[in-house]
Structures are given as C-alpha cells and as structure tokens.
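Letters A, B, C and D name the chains as they come in the text, with residue numbers starting at 1 for each one.
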Amino acid sequence: MAGNTFGTVFKLTTFGESHGVAIGGVIDGCPAGISLDLDKIQEELDKRRPGQSAIVTQRKEPDTVEFLSGIFEGKTTGTPIGFTIKNANQKSKDYSHIKDSYRPSHADYTYDEKYGVRDYRGGGRSSARETACRVVGGAIAKQLLPQISITAYTASVGHIKLDKEYKDIDFSLIESNPVRCPDTASADKMEAYIREIRAQGDTVGGTVQCVIKNVPKGLGEPVFDRLHAQLGKAMLSINAVKGFEYGSGFEGTAMKGSDHNDLFNTDGSTRTNLSGGIQGGISNGMDIYFNVAFKPVATIMQKQQTINSKGEEVEMVGKGRHDPCVVPRAVPIVEAMAALVLADFWLLNKLSRI
Amino acid sequence: MAGNTFGTVFKLTTFGESHGVAIGGVIDGCPAGISLDLDKIQEELDKRRPGQSAIVTQRKEPDTVEFLSGIFEGKTTGTPIGFTIKNANQKSKDYSHIKDSYRPSHADYTYDEKYGVRDYRGGGRSSARETACRVVGGAIAKQLLPQISITAYTASVGHIKLDKEYKDIDFSLIESNPVRCPDTASADKMEAYIREIRAQGDTVGGTVQCVIKNVPKGLGEPVFDRLHAQLGKAMLSINAVKGFEYGSGFEGTAMKGSDHNDLFNTDGSTRTNLSGGIQGGISNGMDIYFNVAFKPVATIMQKQQTINSKGEEVEMVGKGRHDPCVVPRAVPIVEAMAALVLADFWLLNKLSRI
Amino acid sequence: MAGNTFGTVFKLTTFGESHGVAIGGVIDGCPAGISLDLDKIQEELDKRRPGQSAIVTQRKEPDTVEFLSGIFEGKTTGTPIGFTIKNANQKSKDYSHIKDSYRPSHADYTYDEKYGVRDYRGGGRSSARETACRVVGGAIAKQLLPQISITAYTASVGHIKLDKEYKDIDFSLIESNPVRCPDTASADKMEAYIREIRAQGDTVGGTVQCVIKNVPKGLGEPVFDRLHAQLGKAMLSINAVKGFEYGSGFEGTAMKGSDHNDLFNTDGSTRTNLSGGIQGGISNGMDIYFNVAFKPVATIMQKQQTINSKGEEVEMVGKGRHDPCVVPRAVPIVEAMAALVLADFWLLNKLSRI
Amino acid sequence: MAGNTFGTVFKLTTFGESHGVAIGGVIDGCPAGISLDLDKIQEELDKRRPGQSAIVTQRKEPDTVEFLSGIFEGKTTGTPIGFTIKNANQKSKDYSHIKDSYRPSHADYTYDEKYGVRDYRGGGRSSARETACRVVGGAIAKQLLPQISITAYTASVGHIKLDKEYKDIDFSLIESNPVRCPDTASADKMEAYIREIRAQGDTVGGTVQCVIKNVPKGLGEPVFDRLHAQLGKAMLSINAVKGFEYGSGFEGTAMKGSDHNDLFNTDGSTRTNLSGGIQGGISNGMDIYFNVAFKPVATIMQKQQTINSKGEEVEMVGKGRHDPCVVPRAVPIVEAMAALVLADFWLLNKLSRI
C-alpha cells in the first residue's frame, strides 16, 4: 500500500483522489537555498491542464498549486515542501453510473479486488488527475538542475509517426501546435486524426519521446538502480503507459555488436549514441533519449458491454469529458518524472566518492 | 551508491565482482516455514551457467551456491538468507589489456567517471556475473510462490522472430534447444545465425518474452509502485537490456480504444488480454506477459578503435570467452527478476486491507 | 534531508512550519476498510492543543485537522490519507527579535549551520508545533489497532515523582488534573511547582511513562528494527526528549541475572516483567512500559546572554507564550508515536511466516 | 522480517546465526577511494572477541573477517563490500538442552511465537554473535571519518560507578584493564565484582558511556531522523540494551531551563554542554556524549524453573561459556554503531544545501 512515494533522497509523496477535497504532495529532500520561480511551476501545470486546447478534455480545472511549507522568502529551506491543488470542478454525477459497474480496461475492478472498497468518483486514486502532483514535483526538480534540459514531445499518434531522429528535432516547434509534435506537417495529420477519432466517440494511443541534454557524467546507481531502470519505472508508473525503451531500444536488438558499439572520441564523447547516453546504468555525458508508449484511453463514448460488482452483464456508455488521446497532455508528465529521477541521482552521485 | 538492494519487504542485496573472491547476496524478508528445495535453486543457476552449450561463452564456472544462514533443518527461519558463489575461474590475464583502456559501449568509462577507481578485471561489478545472485534470489522467491508459474523464453535473435502469440506457446519445447526458443524451426534458424555471427567474431541482440500464469488478483502498489513499473525496473536493471513492454506494448499505441479495451466475462476475467494481466498497476488475475529487449553484447572479437584513460587513441581486440548472443542465458535471469517482483508484491498485498 | 517520514509500511510523512500557511502530513500504507472515527482523532489533537489549561502555553490555536484524501464514505480506502492543520494564529511579531539571534539550547544555530537559511518565525520546522501531525497519524494508527491500549501519563515534573509502579496506576485519574498525573496528591504538587516555576519566568523538565496492554506476541523485526529500538527512536524524535528506557531500564543495570530474569508461567506469560514486554526485540504478550525524559523548555522569560548570526554578544528575553513545562502536552504525543510504531510492526508481522 | 539493514545511504546488512556456517554482511553505499586499513578492522573485532581476558566468556573464536568484494588494490571501489566471519567453534551440544525449552528472559520464546520455527543452536540469530558484523561495518565507517573520534568505555558495573564527568576522562586508560574502565581504582572494584558474581554462577549489568569529538556541525535529519534518535535506535538495537540517554539525560529532567540552557560563546561553541552536542536533532560541533544501559546477561549458571514448548514446567541450568558481564565486550559494539550512524548522517549532510 505504501507505494505513493518516488525517489531515494529527493522524495515526492503524493495523495488525493480526482473528486476529493484536494490532491497534493510533499517533496522531502530538496536541498536548501534554491530560489524557486513559482510561476514556472504553474506554467508546467498549465501544460498538463484540461481544457487547454480543442483536442483535449474540456473539463474546467484551474489546477492552481498552493505551497504550504518548505519555502521561505522565495527560497527552499531544506524542510519538506507541502502543497495542495484544490479539486475545483467535482462533477461527481458524471460518475454515478459507474458506482457499481466496472469500466473495461480501467482500474475499477482491480481496486475493488485489492482494497475491497473504492472511491468510484471519477476513478478516485486511479485517475490521471494524480499526475498533476508529479508535475509540481518535477518542476521543482528542474529548478534544482537548471543546467540540464529535459524536453519531451509527441512522437506518434496512432499510426502517424514523427519521422525524425531525436538529433534533428527543432524543440521550438513543440508548443506551436496542440499536439506538441515538433514537426508541423506531422502535427497537422495527428490533430486531424485525433478530431476524427473523437468524432467516432473513440480514442487512440501514441508515443512520447524525451531528450535530456547536458547530463553530468556519473548519474545512476548500479546494479539495481541503474539510471535507465529508474527512468523506466518512472515512465511506467504514469497512467496508460505500456512500454519504455531508451537508446537503440527494441530496434537495437536486431543489430550486430560491431554496428551497435559507440566508438569513443578522445574527449570521452562517442561518435554514435546508440547507448542513449547511459552505459552500465550510468550516464556518460551524451544525450539521453527514450520513448514511452501510451495505450488508447479506456473511456470511450461508445456503448460497451461490461459487468457490475454482482457479476451481472450491463451496458455502459462513457460519460464525462475525456481525452480522445492522452499523449499531448502526457508530455509535461514525462518531463516531470524524468526530472525527479535526475534530481535523485544527481544528489546520490555526490556520495559516490570521497 | 546504495543501489544494490532490490525489493521493499522481500529484499535481495547482492555484492561481488566477476574476478573477486566470490559473489553473493542476502535475502532479507523471506517468511519463515518454507521448505526449500536447494537442488531446484542450483538447477536455475545451471540454466544461467557459462559453458552449458556450444553457443554460449565457454568459460568454465561451476557456479555452486553455498548458503550460510537463514535455513535450518531444511526450512527458512525468517532470518536473513546469506549465500556466496565462489569465483572458481579467475582468468584475470584475459583482462589485463583493458586495465587502462575503455571498451566501447561497456561500463568501463562510466565507472571510472563515477567512482574514480575501477576493478578492471572482467568488468568488475558491471559484469553480468552479478546476475547469478539474482537467480538464487529469484529461485527462492519462486518457492515462496509455488502456485504462480513464471516462464521466459527466447522470442527473437537478431532479425529472426518467434512468430507465435504467447497463448499458443508450448513451454515444454523451451529446453529442447540451446537457444531456449519454444519453436523448433525458429530455434534452428536462431542457432544457425548465432553460429554465423560468432564465426564473424561479432555479436547480436534479441528479445526474451515472459509469461506469468495463476497470478493472484491485487498485486501492485499504485501510484508509483505499479506492478508493471516494478517489473519494468527489474528487467531494465539486467545487463544489456534496452527496453520493456507489457500487454499490447508499443504496438498497442496504434490501436483505437474500442479495439483495445478488454471486455469482461461475468466471472471478472476478460475476453481479450491486451492489458497484459495488469490494470491500473494491479494484477487482474489474467496472464501477465511482457517483452524484454537485449542489445548485442559489446565485447566483440574484432579489432576496434578506442581510447585509454589518458584520452589517447588505442586499438583493441576482444579477449576472453564471451557470449555471441546473451539471450539464451538471459532467460533464467528474466524469470528470477520477475519472481522477486511478485514475491515482494504478494507479501505487500497482505497489508492492503484489514 | 529526507528525514520527515516515519515507518516502514505504515508511513507518516509530515510537513509544515509553525508560522507557515499550514502544517500537515500524509499517511501511506493504512489498510483499507477501517471505519474511522474522526471525532476521536480531533480529541487526541485537543489533548495536545495549546491553551487547554492554566499551566500550559496560552497560545490560541484551534488545531482543527482537515482530511483531504484516503477516506471515502467513512472508511479508509487503502490510498494515502492527506491532511492539513491550518496555522490560525501566526503571531510572527513575537519572533522578530530572534530573526538574527540564536536562542540558547534551541535549534536556531544548528539549522543555520546545516541549511544556511532558516525560517526564523517561531522556530519554523524545529517548533514542536510539527508534533500535531504526529498526533493525527497516531490517532489513526490507534483505530487500526483497537484491541491494543496505549496509555501515557506524567511520571515526574522536576524533582517531584509519581511514586507508583506502572502496575498500580489508576488510568482513570490521568485526565482528572491538568498535569495528567494519575495520582491526585502528586498531581497537586506538580501543578503547584509548575506555577511557581512559571512565576519565576523559568521552565522545568519531567518524564512521561507509557504503558501498552494487550500487545500481540511477535511484534518487532530484529536485528536492527527491534521493537524497543524503534520505540526509542520514535520517542527520541520528539522535541526536547533526552532519554528513553524500557522495562527495568537504567536501574536494571545494577541487578543480578538471577533477580532480573522473568520466570515463565506455563501459559508463556512471566511471573515478573523486568523485560518490559519485549524479549530479543520482539513482544512477548506482557505489558510494554517505558519512560521518556523531557528537558526543561529552552525558552525562558528571563534575560539571557546569547549571540547573533554575526557572532556578536546580544541580550535576549523570551517572548511569546510558552509552556513552563512541556510534559502535560507531551503525553498525547508519546501515545501517538507509540501507536505509529505498533501499527507498523503489526502489519510487518503479517509477513513473518507462510 | 526485513529488519537486518541499518542506515539510509551508508547501509549495513547483516546475516548469520551463532552456529551456522558463517555470519557476515554487506556494506552498500561506502564511497569509493578510501584506503582501508584491514588490520585496524581486525583490531576492532579482537576487542569484541570472546576469550580475550579472564572476565569474559572463554569461548574460543578467532573471529577473522574475510572481505569478498568492494575493495580493489587496497581501496574501496564504491561497490558493495561483502564479508564473512566463519563460525569456527560450533559447540552445538552445549545447546541441545534448550532445543525444546525456553531460557528465561531470552529470545527463545518470542522467536518461536513470531516465526514458528527457531534455530535453537546458541540462540541462532538472536545471539550477540551477530554484533561482530556490526563491528566490521563500524570499523569501515570509522575509516570514512578519520577526523571524528568515537570513544566508548565502561561507566558502571552493577552498583559500581565510574565517578567522573566525560570531560575529565583519560581515554588512554581504557585498555589498561579488562573491564575497559578509564579509572584504575574503579576498574579494580568492577573486575573484583565481576569475578565474585561469576563465582556465584550469576551475572550483572552495567552501562557504557560514549564520547564523540570533532563532530562536524549539521549532522542529523529532523524531524524523525534526529541525530540522537538514530543514535538511540542504534544502541537499543544492541543485545541486552535497556536504555539510552544523551547530554543531561534523565537527570536533566529535574533541572530548570535557566540552569539547563547552554549559553553561547561568540564562536558558536557553548559554555556548558548539557545539550550533549546536539540541538534540534542536529550536531552543533560540541562533544556528543551518551550512556547505554545493559541488563545482566540472562544465561546464568544456576538452576532455574522454566517451561518447554509444550508448556510443561522444566528445570534448567545454564551451560556453555557465557559472559558474567557483557559490558566490557560491548564497548567496541557501541563505538561501531555510533560510527555507522555518523557515517550515514555525514553523507546525507552533503545533500542539505546547494
């Protein structure tokens, strides 16, 4: 049950259900002396916020973070940073219809099986609303590591792929479109496809790619806490994620060692980067890049057969205001989780040698 | 640095370098009263052992585990289980040539950068030899959970794929060939390809698929310690792993929600299983299945350009006895890590409700 | 820095400064299905509240706890329980005089040395106000373990001692007086002494004794997480605590083994209980009892020499409304921390054997 | 059950029973680059060894530590340090008589209640033999912190007290006598008393005092992981310990704040040190000192009534070779546990501020 804390020395603990009083969290282990830019934190939250564009859920939630502790005269004090985000818009009636029924491919059934009780309002704890707290934590982690740049973007929506290598991406284009795809042509296709899917009352999946630049060498704690292992866990802990690969990933499995090895330049950098910036679980200073797979949102606006808690067949039609594709709003969450991992390992690496 | 423990309440801590006195570990949190079959544990180790077939490294290492504590009159006592595996065959001279040079795509460079010192004998701590201790831990975890069956096998070698759905696999064929592929035709192709690659002094990657049956419902601790997030971390912590996907994985991202959702039968099982036995991070009782991507082994028997610790260009030819393809020997390691994850969550789940 | 979480599987994380917006916490790992009596939780808080009697600080703080998550329709859901307590009465001006000066025997100096920055308002994080969150956590832990009774009381104030064995205490008298001493004669003396001390603008220490009845056998996780070791840490983590002893404690060191050993009755209980209900770090089913030493409050209403952050000598007179003796208000905190320890070990003990 | 690891980032995990093959441990999180003096580690072990003088148990155990990993060319590598200590002298027959009986005030009964199975040979895991591994861990922690001096000594045996303030102790006298009391007159009395007690087939308790000098300011992680709270837990986790107090301890509870406060000198040091070098849970640079209470050893050479596992009354006479007083051999264990706590907090403090 105690699975709501992430990190070893830079720790984020989150709490809250989608339709409770508030969600929130505690960051423990943030060093003292960081001048926090609170507006930047809110900006990250706004990137995740519902209703930000025509192709995401139209729910109205301001998602304003309030900090309760750990910051004094604009600086972190080294004490825990507590924060809350009020649940402004609690349309519980939208969810009354699932009180006794299990939505297919949702967590309703498994929560009931595990806990014997479930907050059925909007998925309760299993709702992706919880990820707003991760964005707050990640935004603070980013300010601890200003030199490191963490950039995520939409790499595919359904079958439509961004056909560019991470090296050739123009990051300035990411926010130029609601899909967050740094290629205008692909972005247009993706947006059109999302509108088409939504018109069908359906949903679609996609992938997010993340690139991390200016990573210090030495981050990662083998053998179990390898940098990419923790990044993988971080991504897989995000709602709807089905897969993670870094560097050459699954494609690399078909390569020969003689083609796959990254030969060194004399400065320690490598000519190629199929390793994805990580060797033996430790960063080597090259760019880190990875892909995260998101399944199609389970809540569709079509009629579905399902069962209720008595095991009786019932019919269900999705209500509420959901995302036809989770990927555009997942981009800031991927960045946030990556930042949390890097902050933790950056601190731990200070202990590697005397 | 403290990254050598895996698990929350069922904990495996490992230690040891490839060419030190011994490797070993401690399992803390194993419940009392389990009648351990020590031969079964050694059998698992033998599946990982070098020299077991013509297509793996010909190093001679008996890899005999010795238990030092935690077992009395054949039963676990609830106290920590300490064990060691002697390093019988320490051919250090094989490695003297890399004392000052960095092998491309190995951990030599990153360990030096992180720790400022490195046990250069055979990769030291970064050697896959460490995984033998994981196999011991996993073999004990399996005996804690006899009802659960965990089965891994080779799903691809290079471009050669096992073209079968996990549901249609005949597990009895896995050990019928040195590749551990449960399809004779594919196995023959894979073996031939590995021999060809080795003849070139080269290496190749591949994928391992793992299927877990008879999983109790309720395993997994959201929001961060989702069952698949921890499985992903476990797999990504294995040497040479580049990716992890479960259920519909990366392919599922191209699907529509209406096709992807797993509709319920009245008994709570689902008609399809694109969820891969996990919903909301918690097991739903259906089969869990996932794929693990392994890169080609970095040590090749061809001449390579590289650099030494002074940053000078040097030439290097791989020595020692290495695997042309790591996948066949990775199969028991994948099973072991999965068993460790399940044991931990199975215990934690006893605390989910009063 | 990450020192604000207590517990292994039943975890309390707290945050908040005495004069910030609010203090609060998160309880992660509380099993689902507990019907929580929220009034009882508030009652425990009220026992700790300032202004509750003539002999404690007259600060006015309602200390009303608001629960934000983890409770649905009156029951715990197995998800994290987040809560806040607003800081109603922020008399910051009372503290402006210590902005640059260090109060003797306070944490002002050490926080500045450690963090390089300090929330000087009322001691910030080092204020005992933080313990209100522990009382909330402990009150929930008590409801998880209704069968176990945890009772603390004042055993001494300055040189005035309660001269009774724990076995002979009438618990019903504890709340009959503001000192929380279960002996009317001693209570009167203690109260008079506290009034006298306060009239001098001075403070005094004392001890709290705690008795735990109906403890299940088997609680405690040797070798390091012995039941009494964790109880000791819990008590020593409370502000102003200087010592902990259980069972025969320090006096027992002068005894002979032949007098100190607790001989068994045939039902496994013992004729004497110098072991204090714990043997080998594990509860044996007998009453657990221990003493906690509290130093005199450091803030006195007398003129004192001290230094400022520039290292200059300055004079200081205590301001604000402080406790002349912390012991009466410490009683519920001792109970709360004991409850947190027992809840954690009670859950962990479910994992001791198959 | 997972209670066999101590520390947050500098972690010691121990395993082993008194009469198994070997005891041992793993230190994970020791920084790379420490030139280890292995002889010094063995010296610490020898101070704890049985048979070292006429007044301790005459068991013959060489207690030679063998390091298996984590050290290369004399230096720590940052990887886990595994070690074992063989159980040379396994006089199991000495213990056959307790196979089915419970020794009064031992852990026999509670281990059976908790685990349902028990290694009855010499107390198994509950034997103080396990503390040898702590001494190894502590000896390495001491070499990580050469500037800090940690000195423990016998402060009382039974009713015989060392009547000196910690400030006035001549540490050079500690090893001048088998009792490890730095006052010759008191040492003689103590030794005579131990001989007298042993002649009666009885045992006696005592106290150990520990003084830590040259402590960096800033060690300790409030609110729960206060420096003294962790020291207290460390000491209370040692076999036979019943109490812990630091600074003014229990006596300080009778003092007034005006007498108890430590006034500052302009350099930040304090004129008095009733705080015991710790304020608000954080070291202030002054000497840390504390007392640890040890009960009389439970195994006596006299006839005792007890019960067997069937709940039948039986008679028992202690066999084997036991310590009449555990205090002299406890001195190095107290130092070791203090060193482990300081190493952990010294590393954590590197993360306190940017």
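The rule we apply is simple: contacts are C-beta pairs under 8 Å (C-beta built on N, C-alpha and C of every residue); 3 or more make two chains touch, one makes a residue touch a chain.
This is a predicted model, so every value here is computed, not measured.
Annotation of chain A and chain B: jointly contacted by C, D, touch as defined at the top.
When each chain is reduced to the average of its Cα atoms, B sits farthest from chain C.
Remark: chain A and chain D have CA centroids separated by 46 Å (rounded to whole angstrom). Chain C and chain D, compared by their mean Cα positions, are separated by 26 Å. Distance between chain centres (mean CA atoms), chain A to chain C: 39 Å. Looking at chain D, residues 1-5, 8-9, 14, 29, 31-33, 78, 114-117, 125, 348, 351-353 sit in touch with two or more other chains. Listed in rising order, the residues of chain D touching chain B in the complex are 1-5, 8-11, 13-17, 20-26, 28-33, 66-70, 72, 75-82, 84, 114-119, 124-125.
Residue ranges on chain B touching chain A, taken from their complex, read 1-6, 8, 14, 102, 104-107, 109-111, 113-117, 125-126, 130, 156, 158-159, 197, 200, 202-207, 217-218, 220-226, 228-230, 232-234, 236-237, 242-250, 252-258, 260-268, 270, 274-276, 279-285, 291, 293-300, 302, 304-307, 311-313, 348-349, 351-353. Residue ranges on chain A touching chain D, taken from their complex, read 9, 29, 31-34, 78, 144, 347-348, 350-354.
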